[in-house]
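Below, chain A partners chain B and then partners chain C, in two separate complexes.
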Partner chain A sequence: MGVRHSLIIGLLALIGATLAWVYWDALIGHAGTRLAGLALERVPESGVSNPVTAVLLNFRAYDTLLELAVLLAAILGIWSSGPEARGFLPAGPVLGALTSWVVPLLILAAGYLLWVGGHAPGGAFQAGALLGAAGVVLRLSGEPSAGLPPLPWLRVGIGLGVLIFTLTGLALMALGQGFLTYPAASAKWLILMIETAATLSIGATLAAAYLAGEPVPARSTTQQPGGTRP
Partner chain B sequence: MYGLGGILLFLLGVWSFLVHDGLLRKLIAINVTGAGVFHVFIAVAYRGLDAAPDPVPHALVLTGIVVAVSATALALTLGQRLERPDD
Partner chain C sequence: MIDWLVLAIAVPLLGSVVAAALPGRASAIGLATAVLTTGSALAASLVVAEGGSLRSDLGGWGAPLGIALAADGLSAALLVMSNLVALGISVYALDYFSGGVRRHFWPLWLLLWTSLNGVFLAADLFNVYVTLELLGISAAALGALSGRPDAVAANLRYLLVGLLGSMTYLLGVALLYTELGTLDIGLAAEALVPGPLAHTAFALMLGGLLLKAALFPLHFWLPPAHSQAPAAVSAALSALVVKAAVYLVLRLWMDLFGPVAGPGAGAMLGVLGAAAVVWGSWRAFRAERLKLLAAYSTVAQVGYLFLFFPLLAIAPPPEREALLGALVLLALTHGFAKAGLFLAAGLLQKRVGHDRIDELGPAIQSLPVVGLTLGLAGVALIGLPPSGTFIAKWILLAESIGAGQWWWAPVVLIGTLLASAYVYRLLANAFGPAAQAEPAAEGALAPIGRLAQAPALLMTLVAVVVLGLGGEPLWGLLEGVGP
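Showing the complex of A and B:
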């Protein structure tokens, strides 16, 4: 056992030294061409002024589309592994009151982050994470549906991001642009539309992933507003 | 410094993944490894105090975090299914 461990430590130290050397070399060595200049230079054409959002939703839109597809694949895998886990008991009055404060605030903050993503740090993923967190809070405080809509609507919500994204790309292709090459005039609104759909989709997916299985349709009678609905 | 910290996290994650038993610990180890990689990316994006950071690695890290979270959720569900006694 001791020999094996020291062997692993030795190997890891070697790998670490190599990585550190490569990192150092890349940092100090020669200033090759980097994408930063190119990306920052073209941000004004992208329809948003936050460079990270511009890269995510415009220059590297394929990445983001496929990332939404990864989320979709993950939730499909989770659903196919069986029914959801059992929920918790309803919360006591203190936690219940706190939840009824926190969840609307989370939804409001998600909307703010979605809008502010155009010109400052923020965007669809942060907003979607907040929506997902709202769902998790609801679920932890005993709301069995985690604020999610009934299953047919939930399916639509989860697919919405990929759907809108792909449809936008195809529509732009039909108009003679490239796939997901936004015309500069309408880029802002297209990006905002895609981000809104992506936010709803990400929020629904994260909250649904927290259920750890496919929702049981029979118990969707106590539907309450909130959670991942706008 | 931040990048070297990232490399250290990466190594700790790999170590933990190789040495420790138990699915949950291995999963946490993989996440630590991923966090190390994100650290390195963010460190690479730094371009001096007076210049804006490189947005491309930032976007990549954002994508990576979401993928990591969804993969973790899937792995946790699969692990839970493995533990279930009835099938």
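Showing the complex of A and C:
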């Protein structure tokens, strides 16, 4: 380790110490309430009882919409970089059997998390992550499609969350409510609809990202399980 | 009720999803979306020009709980320029990209457009971070569209640098939120008191944004990324994406960190800007390739924008208004001129298959409209009258001498001289005898349609004629912006 490295480490430590001190100072020097109190107070009006979901899908829904757009940009960027990587070999009997157990359980758990997000920890991002994991497991065990639909449908799927989210917002605006201003009576169902679409999109996006490129429509070149049968 | 602020963001977002779902019709969907988006943005700007400012509380919660979109004269000015340039790039892209690349270009391009309008209309510090993420990812993906290894490497670096910039910005936002308990820019400005925290947050947020704005010496990522991207994308990166970061610096400087952003910080930005002007212009002069010249010229032009900050920090209100107007005029002129230059460079590259400046003679001579475009872009980049740059530089010189900071004047003069040199070096090709000696081998020149040449010419005309002779209303639009 040369002088230069020690210098860089010293400088970074100094910056870190300054940041920590300023943060600590702000933390203890602050008398008033932050937004958490206000948000908790308004949760009953949001249509859901889980405060995190209330913030993500109602109070700051516009941020969440743009975050879904970020995921869309990521998968479109991956697709623009070339075709998918080659698939894996089909799984042996033990992994194959395990996969046929694990994947349905993951899908079931995703559905549960999606529903429970309204009143307890859960929601679209968690549920979508489980769906994505199911896709990764399928791909690892030799299923070339990673459980994803054919490309034309997949193209719809990755944008479904943004599509439903934006259309809901615009429909409410056309009805005179303002963009993404849910009426109290239907807030719960609108949020559930948006979250369902977002779950499918997030799951499809994460599984498709694992293919590391645009799926190749003709899968005849990939090794199919049972394809060697005479 | 029609909320133009929302439509300027929601329309391109929807268009992107539809274009991604229907790749066979991506161009038609993309162009229709481009027209509708531009219409929404222009309508929003028109309302601002007539009524002063616009604000829209998304979700109906209002600040501090919800997120708002807001537009004042500064947002409106950049919104108009960005959307017109983006519309021009969209028309150009119809002809520029081949079928395979087209279906990748349109959805990403519309997402980039969404995030640009999002940046200009954001009124919430965290929302700015989200729009910056969308901007960075879509911009890097577009820059790497050609798929060539050097383009992918340059744009991967661009992506990582952009992530570092937004994370640094986010760290500053987190500190501010800890202290102030709000993310709304207006409410945060009311609660902000000068102190160690305000200074630290200012340094972090400014640092992150300067990295994205490519201010010297943080410009290292820009020339390779911008020069390797397809021309239509280079135009957007140089003219619009970099401007978004500069806009945010200006917005935070005036609306949030007023009590913290003093003459010291202004002087620092001025020195870096001066270095950018000299270094960027010199490298542009020495560049072998036209797109690299244009990219280094962007480094220099960003430098000019930051030369205004030391003067803005000390100027009394009437001078401040003059300076702010000149700064915005320079940003708008550069947006139109640089987009036009990159689009013209793309046509030349298509015509002869390369963009080596010294061998571009036959290409320029065979495309007189493109030659005229290059000339007009040159006029705007140098700052010859009647371009908007001329007026902006004139005000910058007058104000710096008036404020007793004469040392910025030689920087402007050196930059202008170097800009003349690199523009003449390029344009000399259009007249040089060496080029005439070249046999006019028609077969070697790829055909270029008229529609493809129109956007670049119109953009440079706006930069030189419209903004130069008709830039006056800009000062009226910007009235009341800032503290």
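Structure notes:
The rule is simple: the second predicted complex is superposed on the first by the 216 of 230 C-alpha atoms of A that agree within 3 Å, B and C clash if a C-alpha of one lies under 4 Å from a C-alpha of the other, contacts with A are read in each partner's own complex, and residues count from 1 in each chain.
Methods note: contacts are C-beta pairs under 8 Å (C-beta built on N, C-alpha and C of every residue); 3 or more make two chains touch, one makes a residue touch a chain.
All values reported here derive from a predicted model rather than from experimental measurement.
After overlaying the two complexes on the shared chain, residue contacts for A:169 are found with chain C alone; chain B is out of touch. Of the two partner chains placed by superposition, chain B and chain C are both touched by A:23. Contact with chain C, but none with chain B, is seen for A:177 once the two complexes are overlaid on the shared chain.
In the superposed pair of complexes, A:67 makes contact with chain B and with chain C alike.
Of the two partner chains placed around the shared chain by superposition, chain B is the only one that A:213 touches, whereas chain C remains out of contact. After overlaying the two complexes on the shared chain, residue contacts for A:150 are found with neither chain B nor chain C. When the two complexes are overlaid on their common chain A, residue A:12 makes contact with chain B while staying clear of chain C. Residue contacts after overlaying the shared chain place A:35 against chain B and chain C alike. Once the two complexes are laid over each other on the shared chain, residue contacts for A:96 go to neither chain B nor chain C. Contacts of chain A with chain B, set against its contacts with chain C after fitting on chain A, overlap at residues 19, 23, 26-27, 34-35, 39, 60, 63, 67, 70, 73-74, 77, 81-82. By the touch criterion given at the top, residues 5, 8-9, 12-13, 15-16, 19-20, 23, 26-27, 34-36, 39-40, 51-52, 54-56, 60, 63-64, 67, 70-71, 73-75, 77-78, 81-82, 85, 123, 125, 202, 205-206, 209-210, 212-213 of chain A touch chain B in their complex. Contacts from chain B toward chain A in the complex involve residues 3-4, 7-8, 10-11, 14-15, 18-19, 40, 43-45, 47, 52-56, 58-60, 62-63, 65-67, 69-71, 73-74, 76-78, 80-81, 84.
Only residues 18-19, 21-23, 25-27, 29-30, 32-35, 38-39, 42, 58-63, 65-67, 69-70, 72-74, 76-77, 79-82, 155-156, 158-159, 162-163, 166-167, 169-170, 173, 176-182 of chain A touch chain C when the two sit together in their complex. Within the complex, the chain C residues that touch chain A are 1-3, 6, 10, 13-14, 16-18, 20-23, 56-61, 64-67, 104, 107-108, 111, 114-115, 118, 126-127, 130-131, 133-134, 137-138, 140-141, 144-145, 147, 152, 171, 175, 177-179, 181-183, 196-197, 200.
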